[in-house]
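First chain written, first letter: the chains are A, B, C, D, E and F, and each begins at residue 1.
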Amino acid sequence: MLARTIIDRFEEYCPLFLAEENDPVGLHVGTLNKEIKKVMVTLDVRPEVVKEAIFHHVDLLIAKHPLIFYPIKQLDIDDPQNKMYVDLLKHDIAVYVAHTNIDIVQPGLNDWFLEMLEVKNEGFLKKTHEINEVSYGIGRVGELSEALSLREFSEKVKKVFSLNSVRLVTKKPETLIKRVAVCGGSGDKFYPEAIQKGADVYITGDIYYHTGQEMIARNLHAIDPGHYIEVLFISRVAQLLSEWKHESGWNIEILTSKENTNPFIEY
Amino acid sequence: MLARTIIDRFEEYCPLFLAEENDPVGLHVGTLNKEIKKVMVTLDVRPEVVKEAIFHHVDLLIAKHPLIFYPIKQLDIDDPQNKMYVDLLKHDIAVYVAHTNIDIVQPGLNDWFLEMLEVKNEGFLKKTHEINEVSYGIGRVGELSEALSLREFSEKVKKVFSLNSVRLVTKKPETLIKRVAVCGGSGDKFYPEAIQKGADVYITGDIYYHTGQEMIARNLHAIDPGHYIEVLFISRVAQLLSEWKHESGWNIEILTSKENTNPFIEY
Amino acid sequence: MLARTIIDRFEEYCPLFLAEENDPVGLHVGTLNKEIKKVMVTLDVRPEVVKEAIFHHVDLLIAKHPLIFYPIKQLDIDDPQNKMYVDLLKHDIAVYVAHTNIDIVQPGLNDWFLEMLEVKNEGFLKKTHEINEVSYGIGRVGELSEALSLREFSEKVKKVFSLNSVRLVTKKPETLIKRVAVCGGSGDKFYPEAIQKGADVYITGDIYYHTGQEMIARNLHAIDPGHYIEVLFISRVAQLLSEWKHESGWNIEILTSKENTNPFIEY
Amino acid sequence: MLARTIIDRFEEYCPLFLAEENDPVGLHVGTLNKEIKKVMVTLDVRPEVVKEAIFHHVDLLIAKHPLIFYPIKQLDIDDPQNKMYVDLLKHDIAVYVAHTNIDIVQPGLNDWFLEMLEVKNEGFLKKTHEINEVSYGIGRVGELSEALSLREFSEKVKKVFSLNSVRLVTKKPETLIKRVAVCGGSGDKFYPEAIQKGADVYITGDIYYHTGQEMIARNLHAIDPGHYIEVLFISRVAQLLSEWKHESGWNIEILTSKENTNPFIEY
Amino acid sequence: MLARTIIDRFEEYCPLFLAEENDPVGLHVGTLNKEIKKVMVTLDVRPEVVKEAIFHHVDLLIAKHPLIFYPIKQLDIDDPQNKMYVDLLKHDIAVYVAHTNIDIVQPGLNDWFLEMLEVKNEGFLKKTHEINEVSYGIGRVGELSEALSLREFSEKVKKVFSLNSVRLVTKKPETLIKRVAVCGGSGDKFYPEAIQKGADVYITGDIYYHTGQEMIARNLHAIDPGHYIEVLFISRVAQLLSEWKHESGWNIEILTSKENTNPFIEY
Amino acid sequence: MLARTIIDRFEEYCPLFLAEENDPVGLHVGTLNKEIKKVMVTLDVRPEVVKEAIFHHVDLLIAKHPLIFYPIKQLDIDDPQNKMYVDLLKHDIAVYVAHTNIDIVQPGLNDWFLEMLEVKNEGFLKKTHEINEVSYGIGRVGELSEALSLREFSEKVKKVFSLNSVRLVTKKPETLIKRVAVCGGSGDKFYPEAIQKGADVYITGDIYYHTGQEMIARNLHAIDPGHYIEVLFISRVAQLLSEWKHESGWNIEILTSKENTNPFIEY
């Protein structure tokens, strides 16, 4: 079957127009006009993931994080980033990216985060689009069925996302938490919206030192679990593909990347 | 004695012209044309530090991190940041900032980091100024007297800076490390210079997820200890002030802030 | 009573959204969330006005001209402008500014000018906003009940606004004048609109030498009475406050600044 | 003789490179490659001056103020400004402009101002150029042989420049004045330099209301005599041309414009 | 009769608002408020055309190409471009320009091109405006009644527009052509629209070397006939003026420029 | 041998720093760190050239025109330009570009043009660099040993560069020509320099219609031979490589592209 067919179904669910402005989503490498047998879902496209894909004779990678961050000016292959592009091209592996559009679409990555954390979902944190009188937005806000201390809730976050540690922004880890805002990726710029929506705690990655200090001054607690919780993308998108495969009788094999692309080790 | 006298001595050591372009260093609040009795050295100026300074009747704060990040458009005191400015003004506490100039000056904060880590200092990571045929630069590079594994060296970093944990960028924590680059604050943009200077490991804060992945692809190990190791500023600057006090017979009391302004708790 | 209550009533009359883009109106210093007893209305906030306000234990200043023109980068109090901010903060005097919004609102400063000059008001000079199908604009145009010579009309302007002299733009002071355009403050950029609306004479401040020459070439007469006629703001806003006080039974004292902040003496 | 010959001599005295950046000096209309018999010196080029020049069969106008302020996009001659260009072109009248270069050159317009006011000239207010190790600057500073009150000195300014009135920036007109800064045209942006050079009073045109208030807060007195004192350009440049005519035996007639181009009447 | 009357009728047909943004259309030189007897239509306004117009006592030139490309900063008449403006002004010849508005209006220049080439017109190449629910666009697309080889069609283009040669972009001049896109002037930036609209060949001027290579890679053939085919403007606009003259009983003589302003000779 | 070795020798002759700012010269595709056996010199890198290179098992292409004009945002291989990159990468063909640096270097492409046309070379048209007190520039000026008519000289240009036709900018093809300026590629913006250097004729590509008209008004003749005369790059660079091969005993085969990449056919 054609790669195009799979992606058409994917975009019916998660259209490109939901992405933030200038966010490079969609086809990054190769072509969708080709027969494929194996699709692999991955969080990142890194040299080790490409190696894995080559090993399994993958035809199409579906990734969360964009591959071509900086427009390419020279295809100098001594550079490891360019080398990776060449390996994909040489092995006819297409790469398709769903980035901020899957953060925004409903249900999408942020909804799945709330679901995992057993938070009742009340909708987005900050509106980004209005299309045909339907509003879409980034991040989510919701409420726990019963209040937990920040410490207890942090334990839950660690457990749910299999993290060794999280970074807390707080002076009082025993404060009771009921209302939760979440934004996968780097969302510290949206903290005023979290305050405005009445959140007790805001879960997002890459919280900057001075922004953390501002949060404390404004009485917002935060949990920074890093970027790697987005690895949830892999299982959930693989599951969607699997459902569509059965619905439509697609003749493809669906794989998930086993490589750990998290550059960080908490030590 | 006049605040001006102390700062003149400080700037003889660490001149303002060494700061990076547009970095807001120097007097931030109040005046240097006043008699002072108590100076307090601090990493950050946050509401809790201001409270501490008021409690101790401090006349002058010397801080590492700039206080006025964003130019002030309205002095609305319901805002906690503005409220802090007003508290300083009401209690006649002047604030003086040495930011990137003390990162660059020799010996300065980055030199003290190497000294603490027992790394032989070979000079700056990236040149920033040339003044009267003397070169100045940000970050430092040097060598350990004997190679350690990245894991052992990380232990040393944690011990020396009293950290519970650090964030490692590596796939091989047992790699032997001999050559070390360091840049206090957020220095991940200088990682190509660390590679170019032959560093095995680069110590800097706020390493971005995708930059971490690039480091791994380019075989550079890194240790992200956060911003708070800069707290070393407090003891070292207090010590310098103390030396100058004795040299010049200054009649002032030198205090150091005891407040922990680190917004993060690793949990 | 709360400062907020007074300002809510004021903004019901003269909303912030009527101000020109980027015009810094609204609260400039302090807080509206406080009990107040004394309000003073003033044209400018200058050191002598602040002294006057301190002397009378004023809690809230309502001013026509913005106080913070240039965003504040360093609160160095040896600077007289910063010193003035500190004096306001130390004495808990809030400052609220109505600038171009009171030029535009109807009735507002420009309407009061026409009323004083006995000119029949025909509406604005140049449209600035359209809100809920209502148009708003800056400046006003209207007609005298009978024609006067430019010289006679200038006498009237001087008498009405208690000026020793005005600056005329004309080669023929005896020309008969019937149609009048007015724009308080610096309005010389709107002179083409005055021509278009058929004005014989345009009253505005800060007319530039070469713009004056252009007006003459295009047969528009003008009267430059300076900025200080805007002092009418004081009595008119005080009168409005007084009316609202009686309507709502406010327990406040309303003062007007007696300081002459006009920097110019015609000599 | 050729217009070029006269202008070569003029530029030997007052070169174009002394003008401020982007100041449109030099030939504005017509050609210098033509025989001329009559030169007229004028402050401005306005329709009435062009009429006067046509009446006297003038071949070349030398003006202080630039003629083409805004680049011409359409030569629509219903516009009075364009009509003036056409009248010049139809009557073969060339126009040459010396603007900020004659403010800067030594001796130039600002030196002549000090001479008229009997102020001992100590050099420029603000350096603008350094050419072959010679410094040039705009404005001038100097000292009166004996102190006068601001009021007395203002009388002198009015008398020397035949003005009916001047605009004073002061709260204390009786203050004694000894040190004087001057900058013809619109020089209010250089007031900090006047303070720095120790001036008691600053003479310049177009002082802005809020800048006037800043001057008062910083204890600088000022006299705003308007732009029209620059009319001194006419007699002084005519005198120079006359000297050069006799030195070189030029066969030209030198006229001065008698039209009053001041758009303002103080009334 | 007044020039204004003719131009009012012309703009009823071809309004200024159809021009592309920042395209300088309309009156360029002189006035429309004058009696005229002779109108000349021309492609370009060049010195030789001005000479021709002077010779024939023309009062108004209607041109396709703008005359004032670059805003005029100095009317130095030793420059041939400025000299041409002066000649027009001295001889009271007004110049009116219809540039991209006559490319866009329907029927306009691009429609006339298709008509001459016997291509059935299907509408514009790229939409530029939507006014009162009517769409307007630049370029045109259409179909030949029967397919011709590119070589045959090129012959037709040469014959119809009296060209000695055209520049073909092709590797296969014998390809059969049925669908044609055309855009007078420099239209190579619209080649993706020509592909999208299914054109076999695209006729436009100033095709850039590397754009030509891209067209070949994307299988679009092109014919570059240069700018001078726009000379069709002359006869067609003269014909329209003639029709309006008879309809309205205008008392004017309509001339057409005979000067060849094509700067190029194919040799 | 290594590609690096060849390019080091090439850059010794024609260094990258001679290129104009932002001109993308140097390695465009692949790596220089590899063993090579076959080098091909080409004017352009187009799909047909890549096919030719693959056929001949070429390892390194040296081209005049940059390959990656626009930074690559997505490596979608359905696009023919991207497809070409992939074909190069899949076949391990490196591409190295010498663009404006070989226009500027002495002797370089413009010198070879003059040599072919038997024009005595007097140096560059417009200075671009000064390095160690040596000046470099783009374009060249020189003189014929005896004057030719423009028509005769055009014949020579056509013969020397094997062109079917050239485009002349002239009204008088019989004018005698002695002094010649030349600038390969698109050099019409430098025509004022050609006038200034006294050229009778200027040879350059892509002359714009209105620039051609300006040249005629300013009495400069021009010959536009298009871009394809730069094909001289192939033979001359191949000859240099051949010389260096013999000097240094390189074990490589040097090929020249036989594909005609000129997108234009004059018809």
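Note that in this section a contact is a pair of C-beta atoms (placed from the backbone, for glycine too) under 8 Å apart; a residue touches a chain by one contact, two chains touch by 3 or more.
Owing to the predicted nature of the structure, the values given are computational and were not obtained by experimental measurement.
Where touching is counted per the definition, chain C and chain F have no chain in common. Common neighbours of chain A and chain D under the contact rule above are absent.
Counting steps between touching chains, the shortest path from chain B to chain E takes 3. Across the assembly, the mean Cα position most removed from that of chain E is the one of B. Distance between Cα centroids is largest for the pairing of chain A with D. As for how the two copies chain A and chain F face one another, over half of their interface residue numbers coincide.
Computed from the mean C-alpha positions, the centre of chain D lies at a distance of 48 Å from the centre of chain E. Here the spacing of chain B and chain D, counted between their Cα centres, is 54 Å.
Of all residues in chain D, none touches 2 or more other chains. Because contacts link each chain to exactly two others and close back on themselves, their graph is best described as a ring. Starting at chain A and stepping first to chain F, the chains sit round the ring in this order: A, F, E, D, C, B.
By the touch criterion given at the top, residues 44, 46-47, 65, 69, 80-81, 84, 151, 154, 165-170, 173, 205-210, 212-218, 224, 226-228, 261, 263-267 of chain B touch chain A in their complex. Within the complex formed with chain E, the chain D residues making contact are 24, 26-31, 33, 68, 71-78, 85-86, 88-90.
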